[in-house]
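Once you scroll down, you'll see the structures, which are given as structure tokens.
Two complexes are shown next, each including chain A; its partner changes from chain B in the first to chain C in the second.
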Partner chain A sequence: MSDTRAPSSERDPGVDEIVRSRRGDGPVSRKLPGPVAWFDLRSRSTGHLAFSLNRITGLGLVGYLYLHLAVLSTLLGGEDSWNGFLELATTPLFLGLDLLLVFGLLVHGLNGTRLSLIGSGYVPNHQKASFWALMAFGAIVLVYTALHIFGGES
Partner chain B sequence: MTTDGAAITATASMRTVRVHRFKRGDEAPRTEDHDVPVDERTTVLEALRYIQLHDDPTLGLRHSCFHASCGTCGVRVNGRERLACVTKLSEVSGTIAVDPIANLPVLHDLVVDMAPFLARFPHPHPIVRGSELVPGSVAPEGIDELDRYEDCIECGLCLSACPVAATDDTYLGPAALAYAQRLLEEPRGADRDAILDWADQDAGAWRCHAAFECTEACPSGVRPAQRIMALRKQLRRRRDDRSRDVATAAPPTGGPG
Partner chain C sequence: MAATTSPERSTRSRSWRWTAVTGVSLLVLVTIHMVAHHFVVDEVGGLRTYQHVLDYISTPIIFVIEGVFLVVVTAHAMLGLRSVLLDFGLSEQRRRLLERGLVGLGVVTVIYGFVLIGVLASRA
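Our next item is the complex of A and B:
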């Protein structure tokens, strides 16, 4: 009835086989060029939104890591240098950036937890519901954090 | 309206269909607008056939069955992967942009080269069909989703929708990985370890980033993303089993000497 031989490892479709299989030299149709397509949410669903948010926040957190190291390096300038930074760090703009950082941490952390569960084969049928549930939880934490950050000044 | 798009009624309204054009030798793809008379039941495929018959016979498109069975008429309609034969224009607002499915080389206008898509599948590519079972037969014990992968019509919409495939032409992609999982669910003599080895390669199951766009795009309810997650679960179990075996087999170290 059917050929049920196992896939042959010799025939694994790697780069060469997929490229060799092309019969024309036409352009590969893309929605948008390169990684820009990751962030194109037009006509996309919740899963793609989660995918995009994870990348944006991931890149943001990597950028923050270097910024954090740069900020810590002000300690090398002595106490005055550090105190000068602390004055800057308590301005509303900086506190707003802190909140943005918390947003990134929440989205990336909570969505990462969700992806770990889904990617391991758990709750794959509830990927949308789990995303929105965790984001709702994250929003509550974010509001609480905002009240704490900005309310603490008054 | 007939399937050749020729019998659209005189009372139909006009819609603009923006079609992707590319011929071999062209420097770059372009788009072309065509006004097409439509009624509430006109499909994208019928509109394209109308353009072929009345405006430009050189428009290249691929189709066959007209009822979502053959999977050959997959296109992107306003950016969303659809089968042209069952997508009504009335479901789409504004100008209707029809593009070839993404992440595969364009051969001609809306026709893409499916060879790189099919090359992704594990070889050989066994076919199991429910229709081949004798009447009254039931799925083997433990097989509760026998029809799922069988429903795959290999249209390539899942690969087009996948954001990972958008930047990685070597990714095996949703259809092929879902197929591997289908084989594991009902091996029929296939070597499970060989299938898992195949799926465990760098461009395999672990490359998926769980955007689930393939499941959204699939017109046949195959749910490729869920299949990939199930495949990962089996891969992880096998790794755990192997680690346990290695730990068990390792000679004891230390102790009184």
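Our next item is the complex of A and C:
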């Protein structure tokens, strides 16, 4: 298996030890213990930024899954109940939140694909290049989506 | 390169593989879901009227796709939550409790989702 570590200049001091203990196929390991480390971006590599974004967007999407089920449950209340929700859902604020959802889906989906391919050894580990290339692609899709969402507003 | 073969490592690898498999499946399913709801209809925000939604979900192929989507997205979410919560360094006992809790939550979510789309499809 190829070495999946970031270049030494980008690594945290303790990464080598963690990597040594987690060699083999599998997830790209986290670099510091505990979720608090996700938000600490000081002197972190692109890999750490990608990891943190994946966790944060993932948690947001789990929250959205249950919010979505709750919203769809208003359909059980009949047409009036659904129409009441629609009035709220088509305000600019909610359309903006739709865009935030698409942002989360793109970051999590594209970055997750990248991590899967690297973790399984199908592609060599070029954290920076692969991350920013996919994020650039995601940005294009996001702009297109924004134009679709707000362009159709009347 | 020597790989660690402890039970914990094996469980983590298996969990990671399922996360990856469900994640890749979701790329397809989410794309279908989003396009069907938001891009092939003219109205702002996608499917709009109550009847429009009922007609959509009662189409057999759509019902199956949405059902598969529900199962896969729930599995992916529970695996992801497990991974995040294990970052807190839980003991073996708490880890088992967490896993049972997540399986339970996932099962309840899937059952509720199927009841929801089943009721809506029957109203069309």
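Brief remarks follow.
The definition used in the following text is that the second predicted complex is superposed on the first by the 117 of 154 C-alpha atoms of A that agree within 3 Å, B and C clash if a C-alpha of one lies under 4 Å from a C-alpha of the other, contacts with A are read in each partner's own complex, and residues count from 1 in each chain.
Note that in this section a residue touches a chain if its C-beta (ideal position, glycine included) is under 8 Å from a C-beta of that chain, and two chains touch if they have at least 3 such contacts.
Predicted model, so just to flag it, every value in this text is computed and none were measured.
When both complexes are overlaid on chain A, the residue A:Gly47 reaches chain B alone and has no touch with chain C. By the document's definition of touching, neither partner reaches A:His126: not chain B, not chain C.
Using the contact criterion defined above for the overlaid structures, shared-chain residue A:Glu79 touches chain C, although it does not reach chain B. In the superposition on chain A, A:Gly58 makes contact with chain C only, not with chain B. Residues 1, 21-27, 30, 34-35, 119-120 of chain A touch chain B in one complex and chain C in the other. Across the interface of their complex, chain A is touched by residues 1-4, 9, 12-13, 16, 19-20, 23-24, 26-27, 30, 34, 38-39, 42-45, 48, 50-51, 53-54, 73-74, 77, 80-81, 83-84, 87-89, 109, 112-113, 116, 119-120 of chain C.
Contacts from chain A toward chain C in the complex involve residues 1, 21-27, 30, 33-35, 55, 58-59, 61-62, 65-66, 69, 72-73, 75-76, 78-79, 82-83, 86, 89-90, 95, 98, 102, 105, 109, 112-113, 116, 119-120, 148-149, 152-154. By the touch criterion given at the top, residues 20, 22, 24, 28-29, 76, 78-80, 99-108, 112-113, 115-116, 118-128, 132, 163, 166-167, 169-170, 172, 176, 180, 183, 187-191, 194-195, 197-198, 201, 203, 208-213, 215-216, 225-226, 229-230, 232-234, 236 of chain B touch chain A in their complex. Only residues 1-9, 11-15, 17-32, 34-35, 37-38, 42-48, 50-51, 54, 115, 118-122, 124-125, 127-128 of chain A touch chain B when the two sit together in their complex.
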